[in-house]
Amino acid sequence: MKRLFDNVHGTGEATLSNIAMTTNLSFAGKTVVVAGYGYCGRGVAKKAEGQNADVVVTEVEPRRALEAHMEGYEVCTMAEAAERGDVFVTTTGNRDIVTTEHVERMDDGVVLANAGHFNVEIDLDGLNDLAESRREVRDGVEEFRMPDGRRINVLADGRLVNLASPVAMGHPVEVMDQSFGIQAVCVRELVDGDDYDPGVHEVPDELDREVAEIKLAAEGVEIDELTDAQREYMNSWQHGT
Amino acid sequence: MKRLFDNVHGTGEATLSNIAMTTNLSFAGKTVVVAGYGYCGRGVAKKAEGQNADVVVTEVEPRRALEAHMEGYEVCTMAEAAERGDVFVTTTGNRDIVTTEHVERMDDGVVLANAGHFNVEIDLDGLNDLAESRREVRDGVEEFRMPDGRRINVLADGRLVNLASPVAMGHPVEVMDQSFGIQAVCVRELVDGDDYDPGVHEVPDELDREVAEIKLAAEGVEIDELTDAQREYMNSWQHGT
Amino acid sequence: MKRLFDNVHGTGEATLSNIAMTTNLSFAGKTVVVAGYGYCGRGVAKKAEGQNADVVVTEVEPRRALEAHMEGYEVCTMAEAAERGDVFVTTTGNRDIVTTEHVERMDDGVVLANAGHFNVEIDLDGLNDLAESRREVRDGVEEFRMPDGRRINVLADGRLVNLASPVAMGHPVEVMDQSFGIQAVCVRELVDGDDYDPGVHEVPDELDREVAEIKLAAEGVEIDELTDAQREYMNSWQHGT
Amino acid sequence: MKRLFDNVHGTGEATLSNIAMTTNLSFAGKTVVVAGYGYCGRGVAKKAEGQNADVVVTEVEPRRALEAHMEGYEVCTMAEAAERGDVFVTTTGNRDIVTTEHVERMDDGVVLANAGHFNVEIDLDGLNDLAESRREVRDGVEEFRMPDGRRINVLADGRLVNLASPVAMGHPVEVMDQSFGIQAVCVRELVDGDDYDPGVHEVPDELDREVAEIKLAAEGVEIDELTDAQREYMNSWQHGT
């Protein structure tokens, strides 16, 4: 539940709104490079495509790369993407995703933002060493000027743009209620439910499902229930040809 | 040029970012009702769908309604849409698009925003008369509380949400440069070009085209040119079967 | 690998092309009801939306239902969907998904197709009992005429429409090469690899990954590799803030 | 009416279904090059994107090129597109869109199809001169083998693939009914309506609108009507701020 809704939809939308409202740029016609195609990356890629951006994905895991390719995104190395992108969004949770080697290939005026985890996805120290000067050009937008005149804009100091930008409000409430809902039923389970040994436990499936049911009801969505015949069929393999 | 880029992409994206950043709501899973399917309405509908909203369109012009229907949007009357929507965006340039009759049918917590023209698309006087109380619940969000407890939220006093919301920055620069570009070449034409009688004139086609060419070059986009054989073919009807 | 590519893209596209080529109907403006939101259902829903259909999803599992809702699809019970759909595609792998009770609510001229598993998703016996007459109206399309005059069209006898329709060619080659690739490396593993006890084993992760790498190379897609510093970072939790 | 529905949706969907059913290829992950961004080209581009292809557009008219760019498609010359495409669809109505110069740059196994007008969009004579041999590899698919071993596949002899492919059924009925509807009301107008001089006349706006109204009713779509106050407002400029 958390990964699907929080990361795909919550982070995806909030990242793009924050970039839009910090820079006053439009995504239509921009090439948006999304580094990483996990839950966050998928959300950012899909929502950026939905704003009429041309989306390029970089990945290190071949199955995720293949998924992105089969979705119709262009998939390539960051070295190649660096030459094509207008906006770069890192979502990997790893470090050194955008390095000085990549910055050297970028166009004047590109925007770098991080929606991954910590402020190490973009190599800010390296960027600082490359730059002739740096200044804040808008609230939350720092421009690094290269010796050749190119300007590289970094949002929110390379921190999570959806949380650290000047207009950021954190995740939408629709996302937080699901996260908090999971936490609430887990606390109830610890108090009233099975005995758990100290340690980290997976959220029991029926609790995750319970939160989904409550959320559907809150959204006014009604769904079908399995009939007895269907339950039986699912547990057998004898009908149909 | 202006209508296509300014209204479809500029207004579309800016409207949604402003609603997102004013309300901190996510569009994923929301039913967004777009009133009017002109250039602005198309932009809002398409971008909302691209944020994973379920989009419902209302229109009075049958061909536009049919276009929206063929795009896969649900098309219905505002009376019906009122019962289904979570977020309502008016884009018609007309008045009384959302009236008290519609508000009576709306769910608790809906959001009303205007991206059309003046502040008469949503009947605020009527809404005020219906309401038991009103208060600002967030910066730029006014809540009208109905006698039955339902809360109707109006953004930016029913004025253009992409210009009048507290976080609004007006149109993105990519859109404004095209609008200003058209104005600049038109001024040049008035000074250097044909003699024009006083009055309103259409932008000459070659000027519109010139701005498109400059914009493409600025975006680094190269396109083909017609060959002589192709020009000749376009003016004849003799080749091929 | 198999589930993602075979079911989402392969079944999704093949199902829609087969329905299009069997019926000569266009999806634009149609309401397409997709029963089940597993891998096949997702593929059908996404590709139908991509053909400008208005997509309605039915599901029995609340988390999948919520996912579909958050994607922007309308989610409801089959009883409600029956009144709205033009084309119904079952993808559940279960039985009795479209029953006579649903058929009673359907419009004249609807199309029923199965992309799930066996020919029990649509209750053909029940439909036959309801019908006053039945006849083949196009190759692969059987019309059941109800006593009230409504015509219910069933494709490919309710068998997998992407395999059993008259124009069906089975899965696209791009999908089959991945399926066969997995089988090939698994056979190699049985011959050359670890000793396996008789029984059903999961495909080892590194084999699945190997096929993805081969496929990416065949598609001409190059991706980044983790650096040593990145590998180390992934196994630690100390950098960044 | 005709251009919007027939060309965008009718040709768009039919072209892709025919390519899919003639070649048994999937569009997911393919790079589809669409030559021309008029009504047909828009339809093909949009539907191909909706099948998860990566779409590249070529155009000679700068405003259309800019529109395609702002929609998020990559726009470039055919010479550049030739190196990237897997499937090429010409929709220009002009000649020599895919020439031998382009074929020289194409990958082994590409597919060429025409959805434009006549069989002169792809230079088949030139292709024949280049080729070492040619043979029909599937029904409706001719393979031209280049001296360097590359295989270039041409569908339906370069004729309109949605009409001339072996599985083609012409336009979907939903599209034809609108085209025929326009023709029917125009004949009625000639008989019962104004006196027309011999010659070509534009379809009167109210007839076009009438067909749209009939079609909406047939589709079960209800829309709002302008109130008197709204009609008056549209003709004035005095309300609102």
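Read from first to last, the chains carry the letters A, B, C and D; within each, the first residue is number 1.
Just so we're on the same page, a residue touches a chain if its C-beta (ideal position, glycine included) is under 8 Å from a C-beta of that chain, and two chains touch if they have at least 3 such contacts.
Nothing here was measured: the structure is a model prediction, and the numbers come from that model.
Student: Which is it for copies chain A and chain D: same residues on both faces, with over half shared, or different residues?
Tutor: Copies use mostly the same positions to touch.
Student: So which chain is the furthest away from chain C, centre to centre on CA atoms?
Tutor: B
Student: Using mean C-alpha positions as chain centres, tell me how far chain A is from chain B in Å, no decimals.
Tutor: Taking the average C-alpha coordinate of chain A and of chain B, the gap between them is 27 Å.
Student: Roughly how many whole angstrom separate the Cα centroids of chain A and chain D?
Tutor: So the centroids are 35 Å from each other.
Student: For chain B, which residues are shared contacts with two or more other chains?
Tutor: Counting only residues that touch two or more other chains, chain B contributes 5, 9, 28-29, 49, 52, 69-70, 219.
Student: Per the contact definition, I'd like the list of chain C residues that touch chain D in the complex.
Tutor: Residues in contact with chain D: 5, 9-10, 13-14, 16-18, 20-21, 24-29, 46-47, 49-52, 167, 169-170, 172-175, 219-220.
Student: If you look only at chain D, which of its residues touch chain B in the complex?
Tutor: 1, 4-5, 8-9, 58-63, 65-67, 69-70, 75-78, 80, 94-96, 117-120, 159, 208-209, 212-213, 215-216, 219, 221-227, 229-230, 233-234, 239-241
Student: Would you pull the chain C residues touching chain B in the complex into a rising list?
Tutor: 28-29, 49, 52-55, 69-74
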